[in-house]
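Note that subunit A is present in both complexes that follow, paired respectively with subunit B and with subunit C.
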Partner chain A sequence: MPRLIANRMFFSLFVLLAATLVIFFGISSISDPLGELRSEPNISPESLQRLIDRKHLEEPLVVQYGYWVKDMVTAQFGNDLKFDRPIWPELSRALVNTVQLVIFAELFAIVLAVIIGVMAGRFQYSVFDYGTTILSFIGYSIPIFWFALILQILAVNFYQTTGVRAVYISGLSSVDAPTGLMFYVDRIQHLILPILALSVTSIAAYSRYLRASMIEVINADYVRTARAKGLSEPKVVLRHALRNAAVPLATVVGVNLGTVFSGTIIIETIFSMPGMGLFFFNALSTRDVYSIMAWLMVTASLTMLFNLVTDIVYGLLDPRTRT
Partner chain B sequence: MILSGLATRPWRTIVAGVILAGLFAVVPTVAEEKLQGGTLVFAHEQEPGTFNLFHPSGQSGAVAAASGLMQVGTYRFPPDGVPVPFIIEKEAEVTDNPFTVTYTIRKDAKFNDGHPITAEDYAFTYETIVNPKWTIANRKPYDLITGYEIIDERTIKFSFSAAVPTYRQLFHIVLPKHDLEGKNWDTAWQDRVPVSNGPFKMESWQRGQQITFVRNEHFFGGGPHLDRIVMRFVPETNTLLELLRSGEIDASDPQPQPEIISTAANLDGIRIDAKTGLLNEYIRFNFKTPGLDKKYVRRAIMMGIDRQAIVDQLMKPVDPNAAPPQSWVFAPSNPHFQPKFESLGYNPEGAVTLLEDNGCRRGADQIFVCDGAKLDFGFVTTAGSERRELTFEIVQAYLQAIGISVRADFSEAAAQFGTRGPQGQYDLFVQGGLFDDPISLMPYMGCEGKINASGYCNPELDAVMNEITVAAEPDKRAELLNKMDSILADDLPFFPVFGLSRMVVYNANRVGGFNVSPFTDGVVSTGGWYWNWNAQDFYRVQ
Partner chain C sequence: MTCSTSAAARREGSMIRHRSRLWRFLSRFARHRVAVVSLVILLAIMMAALNAGGISPYNYDSMNLPAANLGPTMEGRHYFGTDKLGRDYFTRVFYGTRTTIFVAMTVALLSTLIGTIVGAAAGYFGGRIDNLLMRLTDLVIILPGLALLMILTTFLGEGTPMQVAILLSSLLWTLVARIVRAQFLSLRRREFVEAAILAGASPWRVIWRHILPNTLGPIIVNATLTISTAILIESALSFIGFGVKPPTPALGQLISQGRGSMQTQWWLVTFPGLMIVTICLTINFIGDGLRDALDARHARRS
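Let's look at the complex of A and B:
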């Protein structure tokens, strides 16, 4: 296992290097970082020149790339273009908020999907199986932003009808955030809707994969043997069937994490959550290419990290892959 | 420019606007009682990145929206457009030859720490702006100040090397010398503003979430009624509407998108305060495009578009008084107003005649060809902006009817304003802008304009613009501005399509006191923003 991890990390370095090239030259070729400021009558040529000098924008692209990589490695991505503010403190704060959201959303999705998938696989062609199949297809095809808006509308209608504010539809905490235990209650009230919106596609996808895997393994010889040995049905399903059926699910979860992270761009914008998604949205709105590039690098690194974790989990679940 | 941010996301209004109307539950009736104290929660689209209003990064609506709550300027600009002395006790005294401006500060003017605002603070503000050590977005026209004389603690006289007709827009913010002296100005107000002079003062900033402003007990302009204003950041407009409905926020200043307005207008208790000033959505021509280099083609295009119909469809729901703009420089309420664009009103037959009289002939597809150039143009606007895409569809239909073809050539905002506009990669270019002064016009239309990539150049216009910049006498200046307007209407390098309303949406069951001023905008915006220039008047209702 350590060798597997070392191998993966070694090759990840080359992938990251390739990512820096694609990100920098891709973004640089799209537009002039100072384009909007140039069209601003209130910005003098001297002010523009200061920005150009600060970011070496008159140097050839290759040299600019060198400065950018240097900033990334030695100065945690350096400062943004317009505000001259360090990028990393803001990005890391956003990252913590998003990781919090993604972890809760994925845990919720996995738990629910395992229950649905196991039940649907175990009771194939039952009413439950048909019902969850239909719901899964709906969940899989539903536009995430639409679902998020519907959740907001329903939450507000519930509040207006009952006078009970069960959940909030915006932000990460209330205007006057409580302290102590109530802080966590308030945080959960703010996270419920984003978690639901973010996990709906994952629940649908994971449950379908697990159902298919369960159907495959539930009729396998080793499961039949387990039953023949007189093990109880829950033990057969959970200890023998689910463990093997979960191997492909681990791969899907790992690959899907990147998609879930990209989904936060929409979810965090709709729910005004100060995470990675909103960070990217704001960077795009202010045309701050340096913040955008930092975001892309962090996202690329996270995707590779997820793949590594997937490989490790895969190895734990399936000893044949550990070499 | 500042106004490029008027573009919005495509999906923000697609669904909820349709669904909302049928889903409303009980909303309490509007009460009349005006309360003292309480908190107003205001949602703004973007979070400011700084509070340094002079820094290049401080030239945004978000900065003005936040700063306007805690800063007041020498003058303020109410909805009628007539500047009112605010920090000063009377109109500034102005002399010609040499041009001087003398301010007399009112006796009760104080910063939020109780320190009086003095002539020293005005001098310090000037010294800060012209100090080459600091990153200042634009030192004009402060760089024309040749010196100052502190007459007494409350009186200061500035001398200028040339007349500055826009002197009322100077010192839209006054820096507290006792707090800032010796500090690094570039970073001093990056994260917080400890000392300010507006109705509210900054209490805290939770990044990504909210900024809290509390009442300034030393405010000298009356009020404020509220104890606190909390500014939350909500980029998604549909969420804004839901937040208003749920009571999580009390008010907001969304872009005036048609769907949003119609939806908000149907919400019980929700009120819209909108007014239109001189901020216009306009179409700019590229003179390097064959066909558009001909004045008669540009005139035919303007005559072929029914601007009244566009206003009716896009802006009337926001501002019932909206009308097609007829001047770049004066609102109809201004005594100097002259309707320069009236002669180019909607006249499709006239447009066709104009083209035919100049030798243009229709091709097999009914599109005119003039001097070998087919009148088929790309229409560059912001992809994803509902209002701009709708504008394109309307313009396309009208121009098709007179034998001119326009094609959608939309770009993401970053590419449109960052590359295509500055580099002249367009035929017709749609954008928002305020051009009531040569300062804002020169970069776009001056022969040497730093972002004039359209190929338009008229030395006569340049000369008039230069004259205006030094014309202090109001009538003379108005005459020159109208002359500038005449040249623009005659050359037609661009024309205004409709005025962009400024608006606030608020829950009248909870708050009141809003009085949008479209003239607190553009270059004077930093001393107050169009919705917060009278923040001391905001109140809660029972």
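Let's look at the complex of A and C:
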């Protein structure tokens, strides 16, 4: 297992190197870093020239690539073009916020999906099974941005009719955020709606997969043996059936994380949450290629990391892959 | 004489077999009642969307300020209300549906075409070609799709429906490719394929006449479900302003325009969204029915 991890990490380094090439030359080939600034009337030719000098834009692309990689390694992506602010402080803050959102949303989705999947698989063709099947079809069909807006409408209506501020519909903390324990309560009140909106698709997908593998497992010989031994039903279902049914779920969660990450772009824009998604949205709106490339690099690294973690979890769940 | 009658008989025989196969498929599909109902609803929506100009007395862009911000009402046939310029929202939603369905159908066709070619080549020829094509597929799968689409539409896009469809297809072919490859790998070793190869059939003929017809089921199911995926992605893109651009209405774009006043004019956001949910839901149910009818269990769930 440690050897596998070491191998994979070594391999990841090469993939990341390839990613720098693809990202830099890909972005350079479709965009002009100064495109937006050139068309602005209140930027003088002198300051444009200063920008060109600072980012070495008159050198050949290969040399520019070298400077970009150097900046990335030594100066944490350097500064953005328009405002000359360092990119990393904002990006790292955004990263923390997004990881927090994704982890909470995925945990919520997994817990709920396990409950639904186990129940539906154990009681196949019951009312619960049919009900959750229809719900999961709806979960697949609902656009998360629309669901987020509907949640916002409902939250505001709830506040207007009852006067109770149960949840917030934008931001990550209140302006006058309380301290201590109440800070976390305030944070959760801000996170509830984004988590709900972000986890719909995951809940639908995971619960369906778990249901299918539960049905497969529940008729297996070892489950029958466990029952024959006289184990209690919860023990049979949770200890014997669920543990084996959960193995494919690990892969599905790993694959799905990319989709969830895409979802944060939309959810964070709607709920004005200062995360990776909003960072990317803003970088695209101002067409700041250096911020865009930094974002892509961080996303690529995250993807590699997630894949590594998925493999390790898979090894923990399924002893056969531990070699 | 005898020769021609036997040929005719053979032709007739194949026709009967063909019809009975189709008949079996239809009767199996008809047994999935939810799928049949879904198909009827979807066809009705598509007919209405195609005929968007004829289903209401209004134009999608004709303003009428005295009738601005009306809620849904039977009066004046503003079933979905009007927006802040007094444009009939029912008409606008169906025009938006037309754009959205056009994009999604194009994506389903294009991505299925690309994916089938890639998957067939990889599965049939194997070896180095397979390796190369599958690494390419893995690469596309691992890319952050939505982000990439946003970048491409920012720097390259004019936001026409066709362009959005092409960009989406360039990312959504991977699943078909994997399914077709898996099918080809298993069919490639079957006796009837080896017999055809031994009889001297060219690779093209073996792929086209012998293997591909046997993989149609999963391909069709997958193409159907791709329509729903494409609708969701295109709507999300259009919603955040990176997809189909005004003045062409699309459902996601209508939601984005109605968002500013959604707390008071709830219908501006609700109806286009319900339209998306309805279309995707019916497509998913139809896909489920097709999967049962075509016996394509191994095609993806969604």
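Keep this in mind: the second predicted complex is superposed on the first by the 323 of 323 C-alpha atoms of A that agree within 3 Å, B and C clash if a C-alpha of one lies under 4 Å from a C-alpha of the other, contacts with A are read in each partner's own complex, and residues count from 1 in each chain.
Here is the rule we use: contacts are C-beta pairs under 8 Å (C-beta built on N, C-alpha and C of every residue); 3 or more make two chains touch, one makes a residue touch a chain.
Note that the structure is predicted; figures quoted are calculated from it, not measured.
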item	value
Partner chain(s) touched by A:Phe83 [first = subunit B, second = subunit C, both, neither]	first
Subunit B versus subunit C as contact partner of A:Arg287, first or second or both or neither	both
Which superposed partner A:Ile30 touches (first subunit B, second subunit C, both, neither)	both
First (subunit B), second (subunit C), both or neither touched by A:Val260	neither
Partner chain in contact with A:Phe271 - subunit B first, subunit C second, else both or neither	first
Contacts of A:Tyr168 with subunit B and subunit C, given as first, second, both or neither	first
First, second, both or neither for A:Pro45, with subunit B first and subunit C second	first
Which of subunit B and subunit C A:Ile150 touches, first, second, both or neither	both
Superposed model, subunit A: greater residue contact from subunit B or subunit C	B
Shared subunit A surface residues [contacts with subunit B and with subunit C]	30-31, 145-146, 149-150, 152-153, 156, 269, 281, 284, 287
For the subunit C and subunit A complex, residues of the former touching the latter	142, 144-147, 150-152, 154-156, 228, 232, 235-236, 239-240, 242, 252, 255, 259, 262-263, 266, 269-270, 272-273, 276-277, 280-281, 283-285, 301-302
Residues of subunit B touching subunit A in the complex	1-2, 4-5, 11, 15-16, 19-20, 23-27, 39, 41, 46-47, 49-50, 55-57, 59-60, 135-140, 186, 190, 207-210, 230, 232-236, 238-239, 242-243, 245-246, 248-249, 413-415, 417-419, 421-422, 439-440, 442-443, 450-451, 523
Sites on subunit A touched by subunit C in the complex	27, 30-31, 137-138, 140-146, 149-150, 152-153, 156, 204-205, 208-209, 212, 258, 261-262, 265-266, 269, 280-281, 284, 287, 292, 295-296, 299, 303
Touching residues (chain side subunit A, partner subunit B) in the complex	30-33, 35-45, 47-48, 50-51, 80, 82-85, 90, 93-94, 97, 145-146, 149-150, 152-153, 155-157, 159-161, 165, 168-173, 175, 269-272, 274-275, 278, 281-282, 284-287
